[in-house]
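These notes open a run of structures that come right after.
Shared between the two complexes below is chain A, which has chain B as its partner in the first and chain C in the second.
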Partner chain A sequence: MSNIEKYKQAFVESFSLSSDVNVQELAYQSIAEWDSVGHMGLIANLEEVFDIMMDMEDIIDFGSYEIGIDILKKYQVDL
Partner chain B sequence: MLEQQSLASLLEWPVFSMSSAEKEQLLLTEMQRLTDLHMEACAPYNSVVTKLHFESQDLQSLTDIPYIPVQLFKHQRLASVPEQDIVKTMMSSGTSGHNPSKIFLDKNTAALQIKILAQIMGDFIGKKRLPMLIIDCKATVTDRYRFSARTAGILGFSMFGRDVEYALDDDMSLNVDRVRAFLEKHEGENILLFGFTFIIWQHLVRALEKLDECLPLANGILIHGGGWKKLLNEAVDNNEFKERVGASTEINKIHNYYGMVEQTGSIFMECEEGHLHTSAWSDIIIRDPYDFSPLPIGESGLIQLLSVIPHSYPGHSILSEDVGEILGIDDCPCGRHGTYFKIEGRLEQAEVRGCSDSYT
Partner chain C sequence: MEKFSLDCTELQEYQPNRYPFLMIDHVEEVVPGKYAFGHKNLTFNEWYFPEHFPEGHNMPGALQLEALAQMLTVAITTQEGLKGKVTHALQHLVRFKREILPGERLDIHAEVLSWKRGICKGKGTASVNGEVACEAEMMITIPEILEQYLPPGKDKK
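Our next item is the complex of A and B:
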């Protein structure tokens, strides 16, 4: 699986999404599942998949699918 | 609407190093802005403030800021944003038979809560995320439809941890084996522990004492909050709590925090000297319980709380049911600036309410 596929998969798993959801458009609080509970689940999932540890500020700033791509670049994860 | 720019500049205020004169200036401007905003956007708030004869047009000092009793959030729907902007409703579950407070959050207010909490916590535990042990059960956070202040507290603080583990099983019993395995995995590292005061007392300290066990947590930092009412009923005060936590877990860094669901985020942390501290984004005023006049340092009265966080509901200045006294300003031996204080309890015959905790 490529990195971008793993990245998408993390959203699908963390939020139990059906296949017709366009993950690229997801943002914090844009769906019921991505609330503060879902957020920490997503972060834990991404940290495990890419074997990274994110800074607190990056966790707070991780506000959407698109922003997340930029944040992961800081951790040498190219998507 | 809150401009992103003013939100960003708020976050640049130094957490604990402004002088009181400097802070009062910044805080007063912000309180004026928030009071005007809520007067305009929240009709029930406007009507209460008008009835109470506050002269909100021109605030000369922090003591001029209009305040509303915290109980109002239980009886009245108080929101300053349209329904479609509300992303989360937080509730403080009162004792059964009472109405819970309902707090309506929009995106900006929710973001401010977590960012300000992060700044305050960073001053106490550092910027690095630590392996974290939560003294609670996982079920408390997994049921998101019963989103209590306890859930919010655990989730908010989870951000400061990594490899988060829960010490209790879903029946609230301590799982000593799981905790020991977690500590072995992180041997030699600093460990962050978080939980609600009464739950730590009942399900960690008392549980360990009954088992006659001690956990090797000399590298632990314990953050706890949620009110003392149940512990005071058992005649346990902060000193006794610290001693017994220390005896059963070897933890010597123990910080209580005080805060309420109506002002989530701008919490007051207990320093190394045992004093609760206001940060750059909050302050307190002590008021006479009979005539509500502001009281000087060293006199006890009702606590009025100020916070720059609430934008989506009029909770920036509230009068609590808690009694306390200011111990000093800018001169705590721990080195932090700002007002520092202690809590003495709750007003007699006040409507009883769990501070941020629905567990009984």
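Our next item is the complex of A and C:
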């Protein structure tokens, strides 16, 4: 599985999404599942999948699927 | 690892609930960030017994769960810098197995499974005379910490 597939899968698993949801359009609080608890679950999932530990400011800035791609580059995760 | 006990006065430094919602009397042993266990003595003077139920007094299930969550809170708030912090429930899954009656002692065990960025996942078991009365998987948070990690949005103060 490629990194981008792992990245998308993290959203699907963290928010228990159905296959018809376009994850690329997701942003914090754009769906009920991406709430405060969902956010922490997503971050924990991504840290495990890519074996990284994100800084506090990056967790705060991680406000959407697209922004997350740029943030993960800082951790040498190219998507 | 540091372990200690807390009497009914001391535990209130780590557990913000007060009468009539303080559901633990004594913490026999706590290892901060790991586990806590103790008990609640239930006399017929408990405020809920006369009405729950008039013909069959027993401890409400919601308060059994509250007792477990409060013990889990002690396991978290005894960590450095967290004394007296308020916790909120996020998600609980509980199973009840036995009624708890006036005159019985409820033994309460709570274990921290994970603690990260203001969210605690844990599990707990409450028993009477070694017989399990209820058990729960719990998720609680210290909102003051959790909110520090959230993107700007409607729930960030």
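Some observations on this one:
Convention: the second predicted complex is superposed on the first by the 79 of 79 C-alpha atoms of A that agree within 3 Å, B and C clash if a C-alpha of one lies under 4 Å from a C-alpha of the other, contacts with A are read in each partner's own complex, and residues count from 1 in each chain.
Quick note on the criterion: a residue touches a chain if its C-beta (ideal position, glycine included) is under 8 Å from a C-beta of that chain, and two chains touch if they have at least 3 such contacts.
What you see is a predicted model, and the numbers here were worked out from it, not measured in a lab.
Once the two complexes are laid over each other on the shared chain, residue contacts for A:F62 go to chain C alone; chain B is not touched.
By the touch criterion defined above, A:M53 lies against chain B but remains apart from chain C after alignment on the C-alpha atoms of chain A. Judged by the touch definition given at the top, the superposed model places A:V37 against both chain B and chain C.
Residue contacts after overlaying the shared chain place A:Q29 against chain B and chain C alike. When both complexes are aligned on chain A by C-alpha atoms, chain A residues 28-29, 35-37, 40, 44, 56, 59-60 touch chain B in the first and chain C in the second. Here chain B touches chain A in the complex through residues 87-88, 107, 110-111, 114-115, 118, 122, 127, 129, 141-142, 144, 151-152, 155-156, 158-160, 162, 164, going by the rule given at the top. Across the interface of their complex, chain C is touched by residues 28-29, 35-37, 39-40, 43-44, 56, 59-63 of chain A. In the complex of the two chains, the chain A residues touching chain B come out as 28-29, 35-37, 40, 44, 47, 53, 55-57, 59-60. Touching chain A in their complex are the following residues of chain C: 90-91, 116-119, 139, 141, 146-155.
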